[in-house]
Structure formats: C-alpha cells, structure tokens
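A, B and C are the chain letters, set down in written order, and residue numbers restart from 1 in every chain.
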Amino acid sequence: MLLPFRLARPAEPVFSPTARWGLMLIVLFALSVGAAEAQTSAGQPGILATIWKWTPLLAQGFALNIAISFLAMAIGTAAGVPLGICQISLLPPLRGGSWFVTQFFRNSPWLVLLFYCMLLLPFEVNIAGHIVPIPGWIKSTVGLSLPVMANMSELVRGAIRSIPAGQWEAADALAFSRRQILWMIILPQCVKRMTPPWMNLYAILTVATPLCSVVGVSEAMTLTRDALASEARNELLVPMYLYLLAAFFVYCYPIARATQALEKKFAVK
Amino acid sequence: MDFSPLWDWFRWLNGATGIKLTIFYDSFDRWRFFYGFLTSVRLQATCLALSVVVGVVGAWLQGARSRILRGALQGYIQFFRNTPPLVQLYFFYFALGYVLSVEGDGGLRQTLVSSFAWAVICLSLYAGAFNIEIFRAGIEAVPKETVEAAEALGYSRLGAYVYIVLPLAFRISLPALNNNLVNLVKTTTISYAIAVPEMLYVANQIWSDEVNVPEMMNVLLIAYVSLVGVVVLVMNKWERALRVPGYVS
Amino acid sequence: MTEPLIRIQDIHKSFAKVEVLSGISMDVAKGEVVCVIGPSGSGKSTLLRCVNALVPIDKGSIVVDGQEVHDPKLDKLALRRKVGMVFQQYNLFPHKTALENVMMAPVHVLKQDKKEVEARARGLIKKVRLEGKESSYPGELSGGQQQRVAIARSLAMQPEVMLFDEVTAALDPETVKEVLLAIRELAEEGMTCMIVTHEMGFAREIAGHVYFTDRGVIVEHGPPKEFFSGAKDPRTRQFLSQIL
C-alpha cells in the first residue's frame, strides 16, 4: 500500500545510518564472496584469501586516488576562487572572460578534459636546462582540477550574490572601498555558506578519480583490473568490484553525512 | 545539398596548414564520427528520460509503508551516490555482465545485455538516485498549509498530490534537476570505457588511425560543450516557461 | 426552534500533551454570524479546523447539517462541500491564476462542467471586486487581493457555512477593509459564518453572537452589544481593555 506524500520518517534506527549502510555493503560483499567461494574449484585459493593477497596493492592504488583528489581539489580551489571573483568584476571584459572560462569547463565532460590534458600536455618540461618528466598522474590531476576550478568559480559567484545587497550598501555608507568590502565583509561571510557545497564538490571529485584509469594511471581501478586479469578467475569479478566500490563508499559516505549535517546546522541559524 | 566545396576546403586546409580534420573530407571518418555523435545523443536522451522516471517512481516509493522497501531504496540511493560511476559501470558490465551470460557455441560466453544497454541501465540508475532525492526535497518544500487548503476544498490525498503538490514540487525541483541532468549528459562519456561506440570512443579510433590527436581533441571538446550547451539552453528555456509570475520557491 | 446548522458539544483536543480545547460547546443557526475572539493560542483556529475535519477531535461531537463530523464513516467530500474555509495565510495555489484557483476544486473535486464553473468563477471574482485580475498569479496580487481570491475560491464550492480563520491578521491595514467588506456582503446575503478575528470593531458590527475563548474554554458569550459593553468575567474585561 502506498501513501502519497506521507513521507514517513523511519522509526529510530537501531544502528546509526552510517553503520547501517556500511553493514549492508559488508553483507552484500559477504554474500558475493560466499557465492563465489561455492564456485571455486578444489585446489584453488579461497576468494577471501585472494582478495586479501591483493589488498596491499589495491590500497596503494587507492592512496593514489586520494592523493589525486587532494591535489586536484587544492589546485581547483586556488584557481576557482579568483576566477569566481572575476565573474563579479566591474570590468566587462574580465567579467565576460571569466564567465566564458567557467561555463566552458563546467560544461565539458570530465573524461574528455582528462584525455585532453593527458594527450596534449608535454610528458616532460625543460626547466633551466634540466629535463623534468611529468608523470601521467600529475597530468590527469591537472585535467581533473579544471572542472573543479569551474565549479568552484560558480560557487564563489553564487555565494557572493547570495549576500544581501544591504551589506554592500552599509559598507559603502561607511566609506569602505570596493576591494575592502569584498575582502573584509563579503568574502568572510561567503566562507560559511560555501563550506557544504565545497565538501560536496570534493566528494564528486573523489568519485571521479577512477576516470584516470581510462587514461592509463595506475590507481585503484586500474590495479583492480590488473589483479583480475592476472588471476583470470571469473568468480572473482563480482567480489573484487564490490570490494573496490565498498572502499570508495567507506571513504565518501562520511563526507556526504558531514556535508548534510553542516547544511542543516547552517540552515537553522 | 552539396557539401563538397566545404569538404574540399578542409582538404585544402590540411595541405596548407597541416591541420588534419579528416572527419570533414574523408567520407569514412565523417560517417563514423557522425554515427558516434548519434550514438551519444541516443544514449543521453534515453538516460535522461529513464533517470527522471526512476526519480519520480523512487520519490513516490519513499512514502511506502513497508520499512524494508524504504530501507532498500535508501540503500540503493546511498550506494549510487557515494561510489564512482565508472566503477559502477565496470561492475555492471564485467561482473554482472558475466553473471548474466550464457555458454555459447564453442565455449565462448555470450552476453545477454549489450554494452549500450548496460550503459543505459547503469547511468539511469546513477542519475536516478540523485533525482529521487531532488524530487523528495521538492515535495517536502511544498508548504503543508497549501496541502491543508486543498483538503479543505475537498481534495482527496491523491487529488491534492496530483493537482497541487506535484506541480509545485516539480517547479521547486527544476533547478536542481537541470543541474543533475546536465551532469548526466557529461557523465555518459564514461561509457567509452565499456566500448559503447559513442563520440569519445569513435574519436579515439579516428585519432589512432589518422594520428591527429590535437585536432580530434579540440573537435571533441567543442562538440561536447555544444551538446551540453544545447541541453543547458533547453532546460533553462523550460525553467523559464514554467516559471510562475511572482512565485519564488 | 429549528435545529442549528452547526452543533458543537463539549469537544476536547490535545496536541502532544497540551490540551488546546477543553470542552467547548456552541450552536450556530442557519444564516447566523458568530465571531470567536480571544488571545493567541486560545484554541480558536483549532476549533475551526475541527469543524471541517482538518483536525480530528479527541472527545465530544460536532454535527454539521445533521452529519456527525467525526464519524469515521463520514464522507469528507460531502462535508467540505458544505463547509468552506479561508485561511490566515490565504494558501492560494501559487502555480495557478486567480481564475484557475477559483475553478480548480469544482472541476477536479465536484467534476462539474468546466464552462459552468468558469461562468460562476468569473461572477465570484467580480463579486469580490477583482474584475480584471482573473489571469494574475497569486504572487502578483496584494495580500488583500489574494485573500479575496481565497474567499471566492471557497465560495465556488457553494458551501452552506464559511469559516474565516483570522483572515485579516496577515494583511496591511489598508487592505483589511476590502476583505472585511467582502465578508460583510456575504453575511448580509445570509451566509452562515464562523469568524475568528482580532478586529473587534468588525466583530461588534457584524456578529449576531460573540464568543470569547481563553485556554481552551468559552469564558463568556453573548450578543455583541451586551458583550462589548457589559462583559462580566475579569478575563474578558482584561482582554477587551488591551485590544480596544
């Protein structure tokens, strides 16, 4: 029986929500392991043992995913904030230009940008006579930071515009300069508003990092596929992929919860 | 219409500058790129429609009485929202695709679901998970006084839902929905990874054959930005058309 | 004496553990206009919501036109057709024009012919002096105009009783008059009205009977002349001295 718009809240959960979803994934994983174990022929190592054997390598790959996400977030934020501020510049060319850059990178698929950077950035640079190689993962980090930059730029613009006009007027009346108003009055108020969407952007970026595997970076996804290829056992497919999915879930879900909690906290005030 | 002067101009451009846009003057490349473009559009349109259906049905099911049903739905939403879409796609295509395959002639396994279909299933479920939350937030944002007024006028629960709550919730949801759908259109490119012959995949084939990576990369970027741009434009038009004068949600 | 149109007998209602109505009884005859006044939180709005079954009661009985309102087998549609309600916050449907707001319920709920309903709706909009605003959306109208659309919307169901829940409380002083005028005209035409209001002058002028409620009970009631000039209970006197 379905009731329209009775959005019933479930009764108090026995476990915290995080624990519940974590538990569900573990159960799912265990079931798939169990099912796969049944297909394992005699003389082969067990599924769990096999997964355990590969875990150190996969963990290394996952660490690279996290490193890429940190770095791309840092670059994207550092570039996105000034770009966003330019979007409210009083100079029309600067405003128009930054708007165009923002829209262009916001509307480009992440994977296409990754290919672009991977294939068109040089693989080494010459700095004062020294040949410095640029590894693939750095190039793909740059590729991922472009859309992060564009999204950050929009966040900044939106946050600045959401500050009531009265704040600008009041500061104007107190003879602050435009630059002072922006840096001392408007932007500090934006930081709080931008924190939840910024965290959300980070979560989106993190789940985008496996895209690097498509362009040949040895991160967790690539290594999982390598492991599967070297084992060449079909019954491993489901548990291994679930294992990788669970790793991402365990990392991303708490971030999503924290973002929600912050949003709620800020909404009340 | 005869395009050959245009094609000839691109051939001349290649001779004069070295810019090698084979997709214009080489009829084989032209056709495969066009086919890739069509596949992209078909994939995007199918996923868009299905993900909205998933969203509407899911938001409705969230009001279900069964705790198990609600729990399962919540599990699905959280799973798809918090894991990488690419890994989901691989999981569907390689892992579930293997489970759903049969022993064919000569010991080769035959898949029952094509890569295009897997991409549609996976991406629709992925974007659908976001749509459910978007629609639910829209429904919750309809003031309960408005629903009360409808009840006072004799509307049944279902009547109030159909005539008042849903139209309002839809308008409230539209900006977030647009955002998510644009995101979906961009995300369809990941089906490259399971060899769906869409634009990125075809472009990759072309630049491998013709060794014209920079040209194809730029063509690809412009093509995608324009495709997404069209979606953004249509969505914004739609949003404006549905806007009610004087109503700020 | 004829049977009253609304008979409320000893109703009780609690929200969580707070009792909002603790034994209220009143009769409203056909064509009568009663005003309910009292401090905020005295249960006036809840009383009105009980009459058209938006809020279920815990104890007691409400009979409207021979029908027990809180009978679980009650046909709510039939009740709400008889009882119209206008809210403090108007609660118009923001995605529909003024005319559509008035037409919606008769067309969707009563399944009446669209052409007939439209003719009637246009008449009602004219009646509340909003001619020319038919295709405006609620967001484009002032509070007073929206409230008059809400009155027309309720009247379109051709009710026998109208409930008004502090309908001028959210309005600018200038627009209060036009809404009160619309209600007065209705009352003069013989519509049975239950009005919860803070407008004492209006209550004195229009009401056949005034009820003063405080903390969930009726403290005092009577015809307006006696009520306003010779209130006996100290609570009533204190309230009136604060308001007037």
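One rule holds in what follows: a residue touches a chain if its C-beta (ideal position, glycine included) is under 8 Å from a C-beta of that chain, and two chains touch if they have at least 3 such contacts.
As the structure is a computational prediction, the values presented were derived from the model and not from experiment.
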{"item": "Topology of the chain contact graph, where touching chains are joined (line, ring, star, complete, other)", "value": "line"}
{"item": "Chain whose averaged C-alpha position falls nearest the assembly-wide average", "value": "B"}
{"item": "Which two chains share the largest set of C-beta contact pairs", "value": "A-B"}
{"item": "Taking each chain's C-alpha mean as its centre, the one farthest from chain C", "value": "A"}
{"item": "Chain A and chain B, separation of their C-alpha mean positions in angstrom", "value": "19"}
{"item": "Whole-Å gap separating chain A and chain C, where each centre is the average of the chain's CA atoms", "value": "54"}
{"item": "Computed distance of Cα centres, chain C from chain B, in Å", "value": "50"}
{"item": "Chain B residues within the chain C interface of the complex", "value": "143, 145-146, 148-156, 159, 163-164, 167-168, 171, 244-248"}
{"item": "Interface residues, chain B side, partner chain A - complex", "value": "60-65, 67, 70-71, 74-75, 78-79, 81-88, 90-91, 94-96, 98-99, 136, 139-140, 147, 157-158, 160-161, 165, 182, 186-190, 192-193, 200, 204, 213-214, 217, 220-221, 224-225, 228-229, 232"}
{"item": "Complex interface listing, chain C residues touching chain B", "value": "52, 54, 76-77, 80-81, 84-85, 87, 89, 91-95, 104-105, 108-110, 136-141, 150, 153-154, 157"}
{"item": "Parts of chain A lying in touch with chain B, wherever the complex brings them together", "value": "1-8, 10-11, 21, 24-25, 104, 107-113, 115-116, 119-120, 203, 206-211, 213-214, 221, 225, 228, 234, 237-238, 240-242, 244-245, 248-249, 252-253, 256"}
